[in-house]
Structure formats: structure tokens, C-alpha cells
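In C-alpha cells below, several structures.
Heads up, the next two complexes both have chain A, just with different partners, chain B and then chain C.
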Partner chain A sequence: MSKIKGFCCNYTLSVDDDALRQEGLVPRGLEIERLPCTGRLKVPEILDAFAEGADAVFVVGCQIDKCHNLSGSYRASKRVKYVKEILKELDINPACVEMFFAGRGETEPVVAAARVMASMAEEGRDTDKV
Partner chain B sequence: MCTMYCPRPVVDTYNERLDITRAPHIDYAQAIPSSYYIDARACLRVNYETCNLCAQTCTAGAIDFTEQPKELVLNVGAVVLAPGFGRVDEKVLEKFGYGRYPDVLTAFEFERLTCASGPSEGHIVRPSDNRPPKKIAFLQCIGSRDETCGNGYCSSVCCMYAIKEASVAKEHEPDVDISIFFMDVRTMGKGFDDARKRAQQKYGINVVRARVPRVDEVDGRLALTWTTGDGEHHSGLFDMVVLSVGLESPEDAGLISQVADIELNHYNFCRTSVDAPLVSSRNGVLVAGAFQGPKDIPESVTQASGAAAIASELLADSRNSETVTVTYPDEDKSLEEEEPRIGVFVCHCGVNIAGVVDVKAVRDYAGTLPGVVLYEDTLYSCSQDALKSIAEKIKDNRLNRVVISACSPRTHEPLFQETLRSIGLNPALVEMANIRDQCAWVHAQEPERATEKAKDLVRMAVAKARLLAPLDQPTVDVTPTALVIGGGAAGMSAALSIADQGYNVVLVEKGRSLGGNLKRLTWTLDGQDASMVLKDMVEKVKAHKNIDVLTSAKVESVSGYVGNFTSTISRGGKTEMINHGVIVLATGGREYKPKGYAYGESTRVVTQLELEEKLSRGKGFLKNARNVVMIQCVGSRGEDMTHCSRLCCTQAVKNALKLKDLKPELNIFIFYRDMRTYGFYEDLYREARRKGVKFIRYTLVRKPEVIKQPRGIMVKAFDELIGDDIEIPASLVVLSAGISPGENEELSRIIKAPLTPEGFFLEAHAKLRPVEVAVDGVYLCGLAHGPKSLEESVAQAKAAAAKAAIPLAKGKVAVAPIVSRVNQDLCIGCGICESLCPFSAITLEKVGKRKKAQTITASCKGCGICASHCPTIAISMGGFTDEAIMAQIHAFSPEGCKEG
Partner chain C sequence: MIIAERKPMKELLEMVSNVRRLLVVGCRGCVAVCSAGGDKEVSILSAALRLGVKKAGGEIEIDQDTLVRQCDPEYIDPLNDRASKYDAVLSMACGVGVNFVADRCPDVNVLPALNTTFYGANLSSGEWKEMCAGCGACVLHLTGGLCPVARCAKSLSNGPCGGSQGGKCEINPDVDCVWQKIYDRLSGMDRKEELRQIMPIRDWTTSGHGGPRRRIREDLLP
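And now, the complex of A and B:
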């Protein structure tokens, strides 16, 4: 089971991740951290997630032009891009981190993001074995 | 047939667009008139002059495309507006995912899903995948109590209908998990709180007090988030979300107001006042039902009767001026006494019966039965042409018993009875065999066996028909006087209405003066001076030439039956006998006397009515007051009385606003369980919050306590939001004591009018006959029926007056022919029947030396309890004699038939 870490803006995702896991809608290894705004997410925090054993990390923020704090999700997306560069340098697949956008209170895109990342992580693991 | 052949599919609006029908259709099986109509918007013939298939296939030739709209001019003395309610705009529902997610339904749609004749035949399935949902959420107050959509009022009915729908769903699918999200549970109607309790305890329906802001979808499931009163966030996934949408004013309210020239209120409902709830701003234009304000069925029916009473007051002078009297030929007694000559008519009912049952075979079979001289089949027995031809055939063949083998006697028997009467036969000589509902419909898959069953049913009906005997149709004269018991607002309103309709009224009041509880009221809910309303009413009553007021009087006994009651009334040591035709019960109720809460121990603890009395004397008593605490549901909802007293919430809010007016810096705290400020009273509740009145919810587990201290009073209570106890030093504690029933037991015994477990009088049927009592000629209004506001009491009083005026206006009461009949030779005078009769329609009279039972035919309802309990089988029921029923049962076996 791969470990997936998601950072979600408070304005996306209307349901607790516990409820989602219980209903089997998301991979079991998923852990979601809610943030007041993804704009506050720092690069080291994303890297820490990997250090703590995450196979993949994703960030879900408001749609770029509809951010509750105007430019929070834009900043987050820039930082995710930066983390990708770092991962490259460390010889880790940069696809292991990804930025997603979701409308206000929409849970569906978050669930979809979690699934994309989980299947990506599973594939990565398979190729590792080879 | 027309629906079958029509090539044009149309969405079925009756089934909330969940199903498809054709351009010619009937809205639903019980529609009135129960005939098919063509949806002109979809019809190919109407729009493109093609097709015409339906007109060709209609075997009755009932479709005529040449008809044109006609303009009619009617001269009327009064107009009653009853356009009902409109729908909440779909834009409001979109916020909750309606239209976006298929499994978000309105409660109207859900209602159709749970209905056996609905699109899914009563199976609750998700529209998205046709699978049964496991978890359902009901969201309340959609489009009501919501200023963002302009509907600041409470729709009054949604809490109860959601509970009903949830209970129905649970009965159908016991495993389904249902949560209802309320702001307040407003089940303030008579008996509604019991239904809520049942839903929670028996069906395990979750009651969540939270407002869900929006609906989200994840993987075909619906995600909700909510915050409860303790500040906790919750979220959950559901398979189906039902939106309990409110009632809006009709879409064409503006047009109606223009055409009728009446004023609307700020929510586009008809504007009325508390003392005249059914009268619009224009003289002679009356209103009833949801157009006056959101309301449920019992109240709408009550208002409808009330509006009829006012129309009847206005038209009192012209009563009976445009009526048509139907005359019937005399009965042919000699023919009735002849050997039975039975005619059997087997109905096709279009394809309803003939599509399954071999009608011709049943007809021929009927011909083999003994006594049958005529046997025929008809396409639609109930159509005008067929009735005419049946009548002619009965005459030509000198038939004296008729068997109609068609549909249900409940709906069609009167029609055939009428046909018999029109040609001089006693209406009791027709018998029906229901080969549609009880045969063709339920055995649609097995045509052969259905045909056999139809034959059985016809054979049994013929066997009974042989023994049918003509029944008398007696009528009794009515004394044109009404006795109104109780001189409060309801009693006075009822008396005035009956008197204005032109009949005499005796108004009996046990107190020294008229007025009842209205005397203690200071302001009405719409801000009028209650004493002025009272004065106006009392003056009108006293000045009315048709009303005889007896104060300090008591009804000692009532004897007789509808049309001919005789009552003994005691007054100042003397007794008086009064003859009257009807009785209106308006005995009122009382303010509950609180127990506990330091009531009676401190002058600072008062009830709401006592507060109003203080208020009416000026604001002096508020001089040193700082904090006023009000406690709701004192006595009501489970303490001493199980019922909700309905109006205390609004009364508390009204008085809080009054206090705020007199002294704005006053802190007012209201401890409540559910704020039930239904209808437009919600405006008062909102205003009170805006003015800073603090509302704090409490539960039965942690009730507020009133503690007497050396210096003043302390109220201690648990505040859910803070999660801790709070203490308020109170200058004044006002207890919202509920409404307890008056001393109804004695009167209930005298009149044999049953009481509810709470001690209020029980109506004959909550929805269909809300102001009538099971005993004929006795009507009910005001607090005697249950807690209600002044406005509702007045409307109900008018309704009772309308119903009471019916026998008075007719002058005669017709007695249903199916009544019990005592064979006094067999009667041993044991009195069992008298004690069991629920309508006091049997008395014991001395005949010779012994007592014998006697039926008061005017009061008998024909329920048959007496006949079934008579130890000597001395009682028989007209139309259902033991012999006839036995013959019918024996005929069930073919051998029995041969013997017979």
C-alpha cells in the first residue's frame, strides 16, 4: 500500500477524509491535511512529507482565478513546480508531486487527485521492483 | 384507449416529471373529474392538424376537436379565492445540487417515489442508477425561513411531511438509514408531536439540528457538511438527498390580486387580519387555504368551510332562490314485492375490465343463474348513455333487482341507485360486483382465472340480490336553532356567523361575561388591541336579534339527535329546556398552571398571560428590571401534557418584542426547545433576534432551573454553544405555560363526543371533517379542539358555523337507509347495544312491561356494531341482512349455488 499525502485548501473538499476512507472512496493510505489556504504551504513542508515516507504528495487549491485569498493557490502551484525541480535533482520522479485545482466545496476533484496520485505511486513501485 | 394510441410522449407532471405519459391522459386514478383530457401543448392535432388517432379510437366518441374556448359571465354574491400555493424557484434549489446531481430530489418527487401508483410503483430508487439508497438525508427549510430567496416565513408543513415521508420510506425499506436536518422541529399540529416521537423511536429516524449549506457529489454519492449547536463540524456521505421545499405564494398571485382587486402581503400572499382571517381587503372576496398563508390540509379544509360560512352570511337573503329540486316518481311497490326478476349488467370499463376478463363469457354465465331474466354487457355502465339504456331496459323487462358487475360501490353505487330511483325503484335494490378493482386490476397477469373469479363474484352478488329488500328513506324535520356552548372568541364567532346566516342561536357561557381567554389577551399577534377586538365582538353578539345569550349558565343534559336536540340548561338555580337542531362545542381551554420553577413562590415568576396583564397596566413594573428570562414548553411537550401548545412560542416572542419596545435596554433570554413560530410569525422571531433577544436551546435532559435566592431569583441553565452552565440573575421569569383542555369530560359524557388522550374533543376525521364530531349534528371549534391562535380559532369557528348551518338550511335531515333495525319481539333489553353504540343512536325504551332497544334512525351511521353484538340476533342492518350475507357466502361454492 502506497502512502499518499494531500494538502487541501479549506475551501475545497466538503467532507472529512475519514468519511471518505470509511466509504472506500479513496485509497486507504491517503492522509489529508487541511490548510486555511494552500498559499501558506512552504516548500520544506512538502519535502518533509516525502521525508516522512510519502510515496506521492499532492496539493489541491482553489481554481487559480477564484482563490479565496486572491493568489494563494497560484503561489502554491509555483512552489509545487519548484519542488519538482528539487526532486529531479534528487533523482526522484518529479511526477510524485502534483498541483490540482478544485471549485469551492467540491470534493470530487480532490478524490480524483488522490486516485491519480495513488495509481501513479503504484506504477512507480512496480517499475522499482523491475 | 386514447392514451394507448397517442404517438406523442409527454412528461408526466403529476409524477413530478419522473415518468412519461401521452398527450391525452388522466392526471391520476382518483382525479376529479375522473376523465381524460388532452394536453393541448403536445397534441399533434391541435398544433399541426394531423394525427387525430385518439378521436378515431375513442369508443365513446368523447373527443371533439371542434370545441372552442368560451367566455362565461356569472353573477355571484361572493368569491372565494383558493388558488393554493406555488413552487419555490428552481434557482433556490440549485444551491443544493438540484438539477446538477440526479439523486437530489424535491420532497414532492420523493412523495411520488413512495407512492404505489408512482413512477417506480412505490419502490424507493435512486434516479441515477435505479438502485435502492442506503442512506437518505432530508434537508429542511429549503426556500423557507431563508431571506436570501425572499421567503422569510416558515412554510409550516415541511417538518411534518418530511417526518411522514421518512416514516413511509422506513416502513417500505426498514434497513434504510434516514437523517432529517432541521433548524427547529416544527410539529405543532394536533397529534403531530406523537408522530414525530414515533418516527424517532419506532423507525429510528435521526433528527439532526443543523442547517446544511450545500450539497456536493463524490463518485455518485452526495456529500454533506454541517455544524451542530455545540459548534462541532460533521460531514457524511448519503445516497439520496431530499429537499423539503417550502410553499410559496402562487405564481400568478399578482394577476389574481389585480383581477380580484385585493391587497397582498409582503410575501405576495393574500392580506388578511387576525380577527377576520378569511376576508380579503375587498368586500365579498374571501380567501381559504395556502393563499392566505402556508398551511396544512386540516387547516385548509377548515378555512374552506369558514369561507363558505362567510359567503353564506353574505348571501343569507337569497338562500334557496336559485336551487333546483329533483323529483322522483313514486316507487312501484307491487313490482318490488314480486318474485325477484334480476338484471345483470357486466361492464367492460373500456379496456380496464375487458382487457383481462372475458366479459362476454361472464355475461353468458350470469344468464344461467337462477332468477336472472336479463343479462347484458355494456362498454361503460357509468356513462350517461349507458345509464339511460339501463334504465329503459329495467323498465321494459320489469326488473326488480339489478346487479351491476363493474367497479367499486364506494365510487359508483350512488350513480346506479340514482338510476333506479329515477324509474321508480327503491335504490336499495341494486347490488354491485367489483370485477375491476378486485379482479381485473389485481389479476392482470392471469386472464383465465380472473374470468373465473369474475363469475364467482357475479354469482355471489346475484345470490345477495335475490334477498335485497327495499329500504325506507326517512327524513326528519330540523329545529332551526343552534346551541353554542362557550362564549369565548370561538363561540362568539360561531354564534355570529350562524345568526348572520339567518338562524337562531342560543349562546351558553358558564362565566359571568362573554370573552373567555380573549379577556386576558392584551395584543393580538398583528398588533391590534385585543380588548377592542373583544368589545367589538361582544357588542355585535349582544345586539344581534337572532342570538340569545345565557351567561352563568351550564348545560346539564342533552338528549335527542341531529335536528331535534333538547337540552337542559341550569342558570341561577333554575333550569330551562331548549330545543335546537345542532350543537357547536366551543368550550375553550385554560392556561396551564405551572408546577415547579418557583411558580407561586415568588411574585417575580409569572406566566405569559399574567405578564400581558401586567403589560396592559403600563410599564411601571419594569422600572428596576434588567434581565427577563422566558422559559418555553412549561407543561407542554412531555412535562404534564404531551401535546405542543402551538402558540406559546409566538406569544413569547410577541411579549419579548413588547418588552423591548417599552424598555430597549432590557436583556431578554428565551429558553426554548424548538422555536415554533410557524407561518408569517417567523417575521416576529427574526425581528426579536435582530433586536437582541437571546434565544438559548435547552433539552429535556438539562432543563433550566429557577432558584430562589435571598435577594431575587437566579436562572441556571446549560448553554450548548458554550458547553457550560450559565447563571442569569432575573428580575422577572416568565413561564410559557401551555394550553390545557377545559373541563370537557362531563360534556363529553353528556354528548357522547369522544376526547383525545390529552382531553381535547376529537374531530370526526383530522383532514376531511376537522370541525365535526363523530356524533351527527355536533360541531367543534376553538381551544376545545386543540391549542391554536386567535386567528385560527376564528377561522375554525366560521367553519363550524358553516357545517352547523347545513342541517338548519336544509330544514330536513335525510337518514341514510342503511341503519340498524331492532326486532323488538326478539330483544331482551340487555342494553349491550346501547352501551356500545359510538353515536348514541340506540336507546332503551319501555315497551309494555320490559325495556326494549330502539334505533334513533337519524343518528345511526350503520356501522353494525350493535348487530354484531346482539346476543339474540334481534338487530339487523338494512341492506346487509344476515340472510343476504349468508346467501352471498354460500354462493361462493358452486354447489351452494345449486342448492340455493
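And now, the complex of A and C:
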């Protein structure tokens, strides 16, 4: 089972991730960490998630022009891009980390993101596992 | 300020391949301002190294700290005691900091995390440009404040070469010909006649060609 770590801002995911797992909507290996804003997410936290065993990491923030904190999700997207560069340098597939955007309180994009990343992790698991 | 950039991760991982306990030390001077070796970069590099070493099947314990500066003895001398419990200290200072640690901390295995690149200015967030070569014989009063040593690909002293086309340098169409800029600037200041004066052949001994440079101010000595 792939281990997927998701970082979601408080304004996107409106449902507890335990509930999503119980309903079978998201992969069992998914762990979601809620943040007040994805703009608070730092590059080392994403890298640490991989070091702690995540096969894939995703970040879901507000729509880029509708961030509750104006530029939080934009900042997060730039940090995700930087993490991709570091992963490339470490010979880890940069597609293992992705940024997604969701409307306020929309759970569906988060579920979709989790499934995309789980599917990607399953495909590349044997070659890229840390 | 001194501009630097992180070395490639592969080079750094090879450097620490035999290290089990590592202290990553940043500097809050120039390299913090140019986002290469301050607190934030120390955290990022430490996390990246942990991940890289783990991926390679190794083990490493990394502690991190950032000093006020690594080019003043009062900040680095404590490393003599502190670093004894580490196999190596990975300095995120410029080359000055790494050298100074090596000079003053005889038992510390100091390693460089950065490539020190140039003296430059911050054009915008994330963009730096070389402005000074530290040649030790400044001629900026003759050139409208624009440096032909640092900003001309050939460091010419008396006007542009034949490769100056449309105000751009032949090495790259994105690079301005600094001699064109000097001419334009002095013309705008009604000073272009000054350019008729030939600059003598430069004495490069002040530029490090006479060995490592040293500056002493008697009034400040202890």
C-alpha cells in the first residue's frame, strides 16, 4: 500500500480525512495534514514527508486568484515547484509531488488529487521508493 | 554583496558520504540576503540531505544552526568546542567563511555547501547580477559609475571591442555592452569628451595577481 501525504489548507477540505477513508473515497494509505493556509507550508516539511516514507506528496490550496490569504496558495505552488527541482537532483521522480487547487469547502478536488497521486505512486513505487 | 549558490545535491551527498554526524551551519551575512545560506536554506539543505542519504541507504544525523557571520572570529571560534561531536561541519557561508573556519578551527572538518560566484546586486526577487570584480583599483569615477572590469566580458579599459552590436555584447544578446552604457551615460551628463582620455594599462597586482590581499588599519588594531 502506497503512503500518500496530503497538505490541505483549512479552507479547501471541509471533511475529516478519517471520514473520507471510512467511506472508501480516498486511498487507505492517505494521511492529510491541515494547515491554516498552504502558504505556511515550508519546503523542508515536504521533503521530510518523503524522508518519513511517503511515496507521494500533494498540496491542495485555494484557487490561485481566490486564496483566503491572498497569495498563500501561490506561494505554496512555488515551493512545490522548488521541491520538484530538489527531487530531480536526488533522482526522485518530480511527479511525486504536486500542487492542486480547490474552491472553498470543496472536497471533491482533494479526493481527486489523492487518487491521482496514489495511482502515480503505485506506478513508480518500485523504482522511486525512498 | 557576495553572491553564492548551493552546490548540486549529488556533489554534496558525495562529500558527506562518510559522515554520520553533520552540523550544517548557515551565515546571516551576504549569503542569507542572496537566499543561498541563511536560516531558511540551512533547513532546506538539511532536509534534502536527510532524504538523499536515506534514499542511498545510508544513515546520517544532522543538526543545524546559523551564525551571525562566518567572517568574524567571535562567531566561529565557538565551533572549536561545539564541532567536536560532529564528523564534519557543512558551511553554508561563502568561501570566506569556509576558509576562516578552516584557519581558526584546526580540528574541524569543514566542508563547503556553496559555490561562491560573484559580487552582485539584487535586480529583483530571485535575480542577481555581477557589478564588481573586487579588482582593488576602482575606476568608476571615470566611467560614470559603471564598471568595465566586472561588466565587460573582456574587462576592456578604453571603449568597446568590435563585438559590441546594437548596445549588446557578442557573448550573449541578453548582455548589455557596458561600454555602450558608459558612452550613453557620460553623453547624457555632457561628459563624453572625458572618454578621449586613454586609460593606462591596468596594474592587476591589486586584483589578487600579487597573492592574497590584506588590508590593515592601524587605528583599529588592538
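Everything below uses one rule, namely that the second predicted complex is superposed on the first by the 125 of 130 C-alpha atoms of A that agree within 3 Å, B and C clash if a C-alpha of one lies under 4 Å from a C-alpha of the other, contacts with A are read in each partner's own complex, and residues count from 1 in each chain.
Criterion: contacts are C-beta pairs under 8 Å (C-beta built on N, C-alpha and C of every residue); 3 or more make two chains touch, one makes a residue touch a chain.
Quick caveat: nothing in here was measured; it's all calculated off a predicted structure.
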Fit or clash - chain C, chain B, common chain A: fit
Which of chain B and chain C A:Ala51 touches, first, second, both or neither: second
Which of chain B and chain C A:Pro36 touches, first, second, both or neither: neither
Which of chain B and chain C A:Glu89 touches, first, second, both or neither: second
Distance in angstrom between the closest Cα atoms of chain C and chain B, superposition on A: 34
Residues of chain A at both interfaces, chain B in one complex, chain C in the other: none
Chain C contact footprint on chain A (complex, rising order): 42-44, 47-48, 50-51, 86, 89-92, 130
List of chain B residues in touch with chain A within their complex: 214, 216-219, 221, 223-225, 235-237
Complex interface listing, chain A residues touching chain B: 14-16, 19-20, 23, 25, 105-108, 111
Residue ranges of chain C in contact with chain A within the complex: 8-10, 40, 43-44, 46-48, 50-52, 54-55
